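Next come two complexes, and both contain chain A; in the first it sits with chain B, in the second with chain C.
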Partner chain A sequence: MKKSILLLLVLAATLYACSSGSTDPDGAGNGPGGNEVRFDRSAMLANWADNIILPSYNAFLSSHANLSAAMQTFRANPTLENLVGLRESWRASYKSWQRVDLFEIGPAEEVGLRLQVNTYPADVALIESHVAGGSYDLDLPSNRDSKGFPALDYLLNGLGADDAEILQKFMDEPAYAAYAADLIDDIGARVSGVVSVWNNGYRDSFVAADGATATASVDRYVNDFIFYYERFLRAGKLGIPLGVFTGTPAPETLESYYLEGLANELFLEGLDAVRDFFNGRHFGSTTQGESLASYLRALNTVKGGEALDARINAQFNAARTLVSGLGSFQSEILMNNPPIDMLQAYDEVQAAVPLLKVDMVSAMSISIDFVDADGD
Partner chain B sequence: MSRFIYLLFAAAFLFCSCTSDDNNPGVGENIIVPVTYSFERNGVSTVDFSGQTTRLLMGEELGDALKDPARTLGELRAMYGHQAGNADFGNADLNASDKNLKSKTAASADYYTANAAEQAEVRADFENWIEAQVTEVYPNWNNLATPGQAGQLADGTSTRYVDARGLEMDQLVLKGMLGAVMTDQALNNYLSEQVLDAGSNRADQEAGVPEAGKSYATMEHKWDEAYGYVYGLNADPANPNQDLGADEFLNKYVGRVESDPDFSGIAEDLFQAFKLGRAALVGGDYELRDEQAELIREKISEIIGIRAVYYLIAAKTELEKPEPSFGTVFHDLSEAYGFIYSLQFTRKPDAAAPYFSRAEVGMFLDDLMDDGPNGLWDVEPLTLEELAGSIASRFEFTVSQAGS
Partner chain C sequence: MRGFLEAYCEKSIQAAPLAVFRILFGLMMFAGIVRFWAYGWIEARYLDPALHFTYYGFEWVQPLGNWTYLLFVLCGASALMIALGWKYRLASVLFFLSFTYIELMDKTTYLNHYYFISLVAFLMIFLPANAYFSLDARSEKYRFQRVPAWTVDSIKLLLALVYIHAGLAKINSDWLLEAMPLKIWLPARTGMPLIGGLMGKEWVHYAFSWAGMLYDLSIPFLLLWRPSRWLALALVVVFHTLTAVLFPIGLFPYVMIVSVLVFFEPRLHHRLLQGLSNVLGIRKSRFDNGREWRPGSVMANRFRMGVLGLFFIWQLLLPWRYLCYPGELFWTEEGFRFSWRVMLMEKTGYAQFKVVENATGKWYYVNNADFLTPFQEKQMGFQPDFILEYARYLKGHFEARGGQEVAVYVDCFVSLNGRPSQRYIDPGVDLGREKESFSHKTWILPFNDEIKGL
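And now, the complex of A and B:
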């Protein structure tokens, strides 16, 4: 008897919750105190698109224009100074790439931009065969590890033991510079294509899909964002080179393997991009708009007595502090067995995953659509 | 989780409890528990743990290879960290496999996902033991061991090969693996709620959606993989208690503990928990499933604790004889070392933590080895007794129950 009354109450409450949900077109969740929480998902999407994603792409295209110009300068006048200038432009553009790498959604997802631009480690034998043969199709999926920033890393930093040797290679074999120029053009064409789709309709449909279903922009992008953090920032830049999954360190799988120390900078830039996105920070500015962090504050989400958004920020900062204290990733992995300091830094990076993938998404009622496969 | 979803769960739960009210308490009417560990969907078996069987076989071969002084360090390392296609094993199926032991060493979702530093330390322990076997023990294979000098010792009719401190490296590897691979994977990975319930596993299980090209849904397969780490080499894995001892790892020690009258029945309890948990999972009763997972964790952890104490007390008894056989003492203590080491992979009921942390295990092992400059050659009976007492104190059994 008691049980059926309780059941009736629960069912009634369920119906009530259903109907109150339907008056909430923005799809915001409800606060734990029982008060209706209003959060404007649409404003968050607009902030993401207009103040973060598109400005990041535009900044990348501008860094890429500098890279193209430096390439032209070097080809016209292959001097040591111009080689160094080319490398610096490449380095700046590679760092700028870390600010857009996390936005693999919509047109970027459609063309698989991340793997087109930044598949590493590069396949040196394949690069050499393209250079020697002079004929290659950069649209082929099988050529993704012979192009992009990692292939340029090999060409600009790995062709010889020092700059003089590298320069000599470029002078002896003009095909190297021609190939490098093609790779730079390939990057530019692909990213420009994505930006153009954003500017011609995708931005509006992205912002308009402001509901709370699995196909809505927030649900989809939060999945992509966490996927990036877990697979590309955590595993790709740290875990795989450290051998976390195999037990065997693999320093040759580091991002920018041929320029020692750059992998650290690229990781930190990627982490900063994640943190700034989480906080809705406008690109290149300290202004903050609606974001995952402000969404969590609106939901009044608390974890262990602390606001979840503060907890997540603290975890990003803890990770940043440990990674910043490391020597070059190459030296950490090669000089230490096991590389405990870098592994501890990895653990701090990992510690944000459950906060995002469990606590944050459950507060927002977002389902995670990917799982780890362990291969048994 | 939003209130809406929470209420749906609450409502669903109440429906369940209403419908099962008239039946046996605990097991709902849609839960069918078979006599043996056999589960089918549409007439096809959904049970598969070939990956576990493969790793058990790799462990067995590595154990044998460690006792062959003709082996090189490179060969042994390659067996531990096998890469698909390399001819590291005598068994061609193992050579073709893309599985290995190293990647599953200290690799559970619950304990090591956010603990890569400790994971690397555990893996380094195994590498170091393998290396010591080749660089220290093999060169002294045909010397008599003396304090501070690696070599061989008689243990009854057997011959034991020890390092300068009296430890058998092959025992450390095998018994350590029993913990770091089999126990950690089963208890802290495959029986973990975060693994069983990952992604859409519940919905797929309930709808009977199989993995691509497989007969099983993901959740039931995870459970079977835990099962496979305990029973993967039994002649009839659906009815495994007929030939316990089918492998050198957990299976052997389920059998050993079962044969101690103080613990008789533990093998059946463990098997029933696996079976009931699997049936509960298929029937959608996740609470019952997780209760069985807790039971399995408790039993397997207990087996490791019991064997650690058993070997400590066996060694103490021998050591207290007027003319102790050091070969016997050292063999027992090498087993004990491995089981104590494995305590860090055990799992306390209702907690995501082992009975003893890695730091505590490290202190136990230091105590075992530091009664004098030559390790086990100098160990005092009192040390062994105290270690046994400390270990038993956190379990439900006593030293005298385990030590007989």
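And now, the complex of A and C:
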């Protein structure tokens, strides 16, 4: 027994000596077997949090402040000009939302921020009954499709056939503006709440969980990131309106249904957010930090084979090109049967899914669920 | 030869190793059941999913609704009874049946070590493991200090078969020449304390691959040979502790560590049992009655030996059944399970199903999350028999809903051991028309590469 304990100690000591002594400072790559994957998961997490996620939230909050101000201006002085200004602020803020929509993790996941802010299509009858009744509880899960950006879409773009009619409605019925202002406040309160959790501790615990288990930040967020791409970008913004899951097109399920053409912009903004996040691009800048792309490059020093990060970027770009070439999603769906061009664009968006979900996840050995698995 | 066999069957040894094995095995299994329950896996794996992936021929084995909890209670209780050696024969049968039933309910959770446990449980039904240091042996009638040598040897043989098959399976070009999949798995662990700094280094990936293969192939012999036995135990502890730290494989490493104690001389087991007796205040000497356990009637013994003989022949042949199938085993997985191919592949897949109404030509895609848990979807994505079973389920579901005949196609991509993903299933084949069988699945597309070796 003594002998084996001694042996264990020797083995442990050897392992320890190797691990601490052999960190040669001048990098990888000297001969076969001399390569090394050098990648710091916590540096990537810090880049995500400090240079992408938090700046995106802050940018959203400032766009939201503009929206609030425009709402006040409009309520104080409901003119055509102020209606247009309000709509522009709403549009800018909705686009800014696409830059944070993908970060449904931690505090955002806890409060279900995406459902609170952007559940569409909006339930028009429910909105009208809230406006008419004057009392409503925006915390109720059953009211999610009567609030957020989609409900504002209806109020700002769908109340009448043209701006004059819409303005008339707001003037005739002040409850509309009051309701819209409540919705804007609701969005602001919820996002601010999430940001404050990030600023008060969550950022640090997010970066500190730099392991490689199903509960570690990288594994969890990569799952969420792919889920966003598949479920909300691909299916929500394109697939469901196209009817690819039912066989029947459903243009009324488009994001921002009441402002024709905005759905295209929102999709492209979401795709850009995905691409920039993948490449670790700092918010609002061209600087790139540690990211999924740089992680894939680091892994390739040992694994070899083609550069997966380049393939994924090429696929994002191909998707972007096809979607950019489309007319407004409304017209694509309504004017074509079947909507061939948009279906083709959908396929190109879809083609990134196996690259992310199979090749990337496999290269990074991302755990998908907390389960025992012996690799077979 | 005949004389040798007869002499071997007559040979007897101390029963203590068998008793220690029984106690440790029973306790570990009990802990395993408690752990499974505590993690909420009964709900997550067996109660929440809308459909379960079944084993061919065992489609009738399904979760029992809320009675499933009772099944786990039964399984845990019988494991404890085994540890105590109380009503052992009944307990070992109950444990084997309940545990195996649980494993057969959904193959999504298939693990080689669960299969191993089923096999050990089956074997134990036929061993007099309650002869010594058990509640049953409180009765003079059931108390024996010695048992036939083949009883302990059969456990050793099973363990040796597991290790050797696992080692042989590692003799392939991906494992030895590419250090795959360790090249993928280890770099993810660079953040670990103490050894994390090593995990990114390519030479470590190769060293682990080769050491793993040599370990598996040599460990049974190192355990059998007396002079190397303690060294072997040290290796077992280091190897399985490393795997436990590096990979999410649950209790398996610990099960293996305690199992190899059967290779040791009874002196060790007597010491362990003496220690336990001191703690529990049991008088161990009462079990040392010098009596030898003898198999019952000649017929019963023949039956026992016949079953065990067939059992081991089956164990020898089953891992090689893959030779009956064309194509790359890792790719088609025809003959992959039940053959000790442990931790050999990093395989990931993604399957998008398309349902086409035959009469109208109307088509739509399936949202897998509507039917499968994330774990099921992951496992389904790269295993042909899962893909087929799911496709047939979808056919049934959508035909019942829409009232007309549909065809089910899949567009599936799979990446194996770091290769770029490749289309896996013929997208032009209506899987709704295909049937599960033991014959080769012709709709699996050929693998674009070659893996040499066993």
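What we mean here is this: the second predicted complex is superposed on the first by the 326 of 376 C-alpha atoms of A that agree within 3 Å, B and C clash if a C-alpha of one lies under 4 Å from a C-alpha of the other, contacts with A are read in each partner's own complex, and residues count from 1 in each chain.
The rule is simple: contacts are C-beta pairs under 8 Å (C-beta built on N, C-alpha and C of every residue); 3 or more make two chains touch, one makes a residue touch a chain.
Computed from a predicted model, the values in this text were never measured in an experiment.
Asker: Which holds for A:Lys303: it touches chain B only (first), chain C only (second), both, or neither?
Answerer: In the superposition, A:Lys303 contacts chain C only.
Asker: If we overlay the two complexes on their shared chain A, which of chain B and chain C does A:Thr286 touch? Say first, second, both or neither.
Answerer: It touches nothing on chain B or chain C.
Asker: Going by the contact rule stated at the top, is it chain B or chain C that touches a larger number of residues on chain A?
Answerer: After superposing on chain A, more of chain A is contacted by C.
Asker: Of the two partner chains, chain B (first) and chain C (second), which one does A:Thr213 touch, if any: first, second, both, or neither?
Answerer: A:Thr213 contacts chain C only, not chain B.
Asker: What is the contact status of A:Leu355 with respect to chain B (first) and chain C (second): first, second, both, or neither?
Answerer: In the superposition, A:Leu355 touches chain C alone.
Asker: By the touch definition at the top of the document, which applies to A:Ser365: first (chain B), second (chain C), both, or neither?
Answerer: So A:Ser365 meets both chain B and chain C here.
Asker: Scan A:Phe39 for contacts with chain B and chain C and give back first, second, both or neither.
Answerer: second
Asker: Name the contact category of A:Phe245: first (chain B only), second (chain C only), both, or neither.
Answerer: both
Asker: Just chain B (first), just chain C (second), both, or neither: which does A:Ile340 touch?
Answerer: first
Asker: Could you give the residue numbers on chain A that contact chain B in one complex and chain C in the other?
Answerer: Common to the two interfaces on chain A: residues 3-4, 7, 11, 18, 239, 243-247, 350, 353-354, 362, 365, 368-372, 375-376.
Asker: Within their complex, state which residues of chain C touch chain A.
Answerer: For chain C paired with chain A, touching residues are 39, 41, 109-113, 181, 183-185, 187-192, 194-198, 200-203, 205-206, 230-231, 233-234, 237-238, 247-250, 252, 336-337, 341-350, 352, 357, 362-367, 369, 373-375, 378, 381, 413-415, 418-421.
Asker: Which residues of chain B touch chain A in their complex?
Answerer: 1-5, 7-8, 10-11, 14-15, 17-18, 51-52, 81, 98-99, 102-103, 105, 107, 109, 113-117, 119-121, 123-124, 198-201, 218, 225
Asker: Which of the residues in chain A end up touching chain C in this complex?
Answerer: 1, 3-4, 7-8, 11, 15-16, 18-20, 22-23, 33-39, 41-42, 210-214, 231, 235, 239, 243-247, 299, 302-303, 305-306, 308, 311, 350, 353-355, 357-359, 361-365, 367-376
Asker: Sort out for me which residues of chain A touch chain B in the complex.
Answerer: 3-4, 6-7, 10-11, 13-14, 17-18, 21, 29-30, 239, 242-248, 337-340, 343-344, 346-347, 350-351, 353-354, 362, 365, 368-372, 375-376
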